[in-house]
Amino acid sequence: MISSHLPVLQVVLPLIAAPLCLLLRRSSLLWILSFAASLAAMIIAWLLLQQAGSSGVISYTIGGWAAPWGIEYRIDTLNAYVLLIVTSISTVVLLAAKKSIEQEIPQQHWPMFYSSYLLCLTGLLGITATGDAFNVFVFLEISSLSSYALISLGRDRRALTASYQYLVMGTIGATFILIGIGLLYMLTGTLNMHDLAQRLPAVAQSKTLLSAFAFLFVGISLKLALFPLHLWLPNAYTYSPSIVSAFLAGTATKVAVYVLLRFIFTVFGADYAFSVLPLTEILMLLAVAAIMFASISAIYQSNIKRLFAYSSVAQLGYIILGIGFLSVSGLTATLLHLFNHALMKAALFMALACVLYRQGDVMFSNVKGLGKTMPWTFMAIVLGGLSLVGVPLTVGFISKWYLVVAAIEQGHFVLVAIILFGSLLALVYVWRLVEQGYFHNSEEDHPRQEAPLSLLIPTWMLVLANIYLGIDTSLTIGAAEQAAQMLLGQAGGGSP
Amino acid sequence: MWDILVSYCSDALLITGSFLSLTFAIGLLRFPDFYTRMHAAGVSDTLCAGLIVLGLVLQAGISLVTLKLLFILLFLWFTSPTASFALARAAHRAGYRVSEQEEVASSNS
Amino acid sequence: MILAVTAIALLVAMALTLVRALLGPSIFDRILAVNTFGTKIVLFLGVYGFLTNRPDFLDIALVYALINFISTLAVLRFFESGQLVMPKDKESR
Amino acid sequence: MINIILLGFLAVVAIAVAMMRDLFAIVMLFGIYSLLTAGIFVSLDAVDVAFTEAAVGAGISTILILSTLALTSREEKQPTHSFLLPLLVVLVTGATLVYGTLDMPAFSDPEAPVHQHVAPHYLNQAEQETGVPNIVTAVLASYRSYDTMGEVTVIFTAGIAVLLLLSAFRHHEDEASNLNDLSHHPVLRYIARLMIPFILLFALYVQFHGDYGPGGGFQAGVIFAAGFILYGLVVGIDKTRQMFSESKLHWLMASGLLLYIGVGIVSLLLGGEFLNYNVFAADPLKGQHWGIFLVELGVGITVTATMISVFLAFSEVRRSE
Amino acid sequence: MSTFIDLYNYWIFIFLMMVGFYIVISQGNLVKKIIGLNIFQTAVFLLYISMGKVKGGTAPIIMAGDVSYSNPLPHVLILTAIVVGVATTALAMALIIRIRKAYGTIEEQDIHEQDASL
């Protein structure tokens, strides 16, 4: 009986836990409850991925109202895959959260912190699971509002302005999305994505449809921090509490990429999206600009969190680049990098949480000699960095490999060069870290002072996942390829 | 017979109310200084609101609608004098005097 | 018919009030105009309900009146806190 | 026709907001803007929306922005940076939309696709299927009740976020709150106290009459909260706080949302889909009735509690740095 | 010509939307930005509601007799959106109060200067 309700439980379980957090007075219970909710969500996501893999699309009608009248949850391999990414990152991050929160956030705020965290998770899961266009907007706002609150909790006062800036840009993005959805509704009279997909070809010539597409694209790009709309991201990631940085870096932009994929491929259909606008060229241009500009910016940062935030913008460039190829290998690369980048960035930000825990800050001066004083933490940073560069035997290599293959397939040799050059730039900023950590000694002679195990173990879980999934690729590639084929299969029109 | 009388009364009230509200609105626009303008607005708010709402009450007859109308009237009658009182006091405190205001207004327009 | 005339009269009155709100010149004139405008729109909605034969929608006018009252009090409190009293209250226009 | 005039007013007000520098005047104008919008909603037959916009836009938003101004500053500086780029962005956006309008169905055309597919089902079937004559309520609380759950969650999230941001800055017990209350106006206090019971009664009416007329949990919650905000304004913030301690408000905020989710979970346990009210009673109509009643109640509780705690949080911020 | 009048409504919304959007991205005052954001959102709400209007229709509360009603679905969506809007406004205002406490100003430019001088 339970198994048929999994799609909705996926979202509702963390949602129930959120108000409960507010009622709990014991701080130890808070963490246990949040972790349990997240873990349960992860297990459900895993089960859903299995179900979707074996039986195709799972449809769940909420309230018992059939699809276009009521709201439908529609899970296929793509959703389930993204759900798994979000829940697993969230779970591992929560594992480390307890210690880090104790240090960074005053105790009176813990119930509300965990509550906001779970609400953010709920929002992200809701966006991913739903098959209703307006429902996307509602859950988008849940996740956005809670993430504004989470970011503002950073200790630096700049966290407040970062949060404000994100609030303004995020709301503009959400309003654009709202306009787009409204125009789609105006043309078809429906809000269900599947239903929209079937009704849109009839109005494909409409100028209104083109304008709807433009608004959705720009709105989602704002949420996705696609270059040049990324301005909110570096500040938001830099000044938020470490745990929040790790969580958001691993999940928020990934879900936005998912929404973009969903709208381009499922709702509009690749045929429409890529024929009405020179989408391939636009995506490739923006992606290349993101890779070059953000990687170079990253090199000049003195705050390591900010460095990795810029690197996130660059990595999002790779993810977007894959969409532009409009081929199975390109999309596979996109989806792989979605997972892999989530793993890398979560690992790196968690390692930075360890550094912050001991050093109090994450400037370059703080990592001097860290190879000696915090060897495990620093090793995690180095391995995560190598994965970012795309060194073989790490996950970063796999996704870059697919990307290069996709580029060669279509004869875009310039892009191949740019991808490799981007990796070189990544190597430069990772090398700067390595140099500071291993070849400089800190000014004061610190004794060896490793981060507490409760922080270190989750970090290393992610680092090891980076390596393990870089060697045994069957899990991720299998799901990614299946999802990519499904997306392109839909491009032909009609349902699979 | 009674019905016709009531409907005439209602019409008369509505017409008077709308005429007065127009007149006072012109007053609000044309009067020279803040205090006279406030007089126009304050009287218009209470008097016109009373007339128009009573006109509507006569149209509605006795029902839930009447009750709602009377509550609306109650709120309006509380709001407007409160606001006028507060405004006058604040303006006075801020140094606006009836004579002085004229100069300020004319120099501004 | 009479109702329509009343509605139009109220609309015109609203327009005139709006002009005062925009012209100022002092902040007090604006507040005054805004307040009157609120009253007018409540009356307008009441009349509009009768005009469209659905007087049960008076609920909305009632909410307006209530909200108008409360926000007037909020403004009043703002006054009392001394924030509004500024040396020379003139717009840059 | 009325619509066009009101729209004209709206455009004028919007331009005035853009031009003015005095934030206080801007907030007042913004209040007018909301009222006008609500008027247009009424003339476009969206009475429920007008209800909400009046209560929220003209009421809650204005009060919150005013409280913020009281704590910050009122005069806006002359912006010095270039306005060309923003203007360009805005023009491009506007042009995209104008381009989109060229193929739009004519305004209020009953043949437009919007009125063809899903909406007729609601208009023709909803009353039979849910027993609620107000179709907006039927769609809101039954067909798309999951969206409404999301809406309650949004309110809850915002409440938590505001508390998270402001609770550390509460003034101490002995310190006076940032704004004087109006308790030294005896007449005002008397009138307000007289009115509060009626306001609460009206809120109850809106809560439970939402099936038949405009209104529902959200609007009722705002009016309920407005009653207590009025109390706070004229009798004193501290007195209101005594009525609603922080933990009580937390409890209320959470319980409304939990009630809503609980309805969904119970329907799961009874063998239906999440939020399928038909399973609550042998007669589906009766089940729908119960379901809609309970979720609206949940909405009302959470909205009331959140609005009150947000208002209190804003009012209790201490002014000194 | 008839299309022009038919679309007049939409164009006013677009104009309002542009004004609101312009306030958001061009003004330096944090409070005013949020007011602009509200105007921007409200214009979108109007767009939705106006697409639900049916000529000669009335509010979608079923009455006796043969009446045509306006489309209820946009109303439902916008009810939700209004709530989201006020939630965002409340959060933004709380943030502004905190920013003012931390920086002593609510002008974007002054904040940038303070951050840059660190």
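For this structure, a couple of remarks:
Chains: A, B, C, D and E, in written order; residue numbering restarts at 1 for each.
We adopt the following convention: a contact is a pair of C-beta atoms (placed from the backbone, for glycine too) under 8 Å apart; a residue touches a chain by one contact, two chains touch by 3 or more.
This one's a predicted model, so the numbers in the text were calculated from it and none came from an experiment.
Farthest from chain C, judged by the mean position of CA atoms in each chain, is A.
Work out the mean CA point of chain B and of chain D, and you get 29 Å between them. Centre-to-centre, using mean CA coordinates, chain C is 20 Å away from chain D.
Separating the centre of chain D from that of chain E, both taken as means of CA atoms, is a distance of 13 Å. A straight line joining the Cα centres of chain B and chain E is 31 Å long. Across the assembly, chain C contributes residues 14, 24, 31, 38, 56-57, 59, 62, 66, 68-69, 73, 75-76, 84, 86, 91 that each touch 2 or more other chains. Touching of two or more other chains is recorded for residues 134, 138, 141, 145, 148-149, 152, 179, 185-186, 191 of chain A.
Contact with two or more other chains is made by residues 47, 67, 69, 97, 101-102, 104, 112, 114-115, 118-119, 122, 144, 147, 150-151, 154, 157-158, 161, 165, 188, 195, 202, 213-214 of chain D.
Interface note: chains touch in the pairs A-D, A-E, B-C, B-D, C-D, C-E, D-E.
Of all residues in chain B, those touching chain D in their complex are 71, 74-75, 78, 82. Contact residues of chain D toward chain B in the complex are 188, 191, 195, 198, 202. Residues of chain D that touch chain C in their complex: 2, 5, 9, 12-13, 16, 20-22, 24-25, 28-29, 31-32, 35-36, 38-39, 42-43, 47, 50-51, 54-55, 58-59, 62-63, 66-67, 69-70, 74, 178-182, 188, 192, 195, 199, 202, 206, 213-215, 219, 223, 226, 229-230, 233-234. Chain contact summary for the complex, chain D toward chain E: residues 3-4, 7-8, 10-11, 14-15, 17-18, 23, 26-27, 30, 33-34, 37, 40-41, 44-49, 52-53, 56-57, 60-61, 64-65, 67-69, 71-73, 76-77, 79-81, 83, 86-87, 89-91, 93-94, 97-98, 101-102, 104, 106-110, 112, 114-115, 118-119, 122-123, 127, 133-136, 138-140, 144, 147-148, 150-151, 154-155, 157-158, 161-162, 165-166, 169, 212-214, 218, 310, 313-314, 317, 321. For chain C in complex with chain E, the residues that touch the partner chain are 52, 54, 57.
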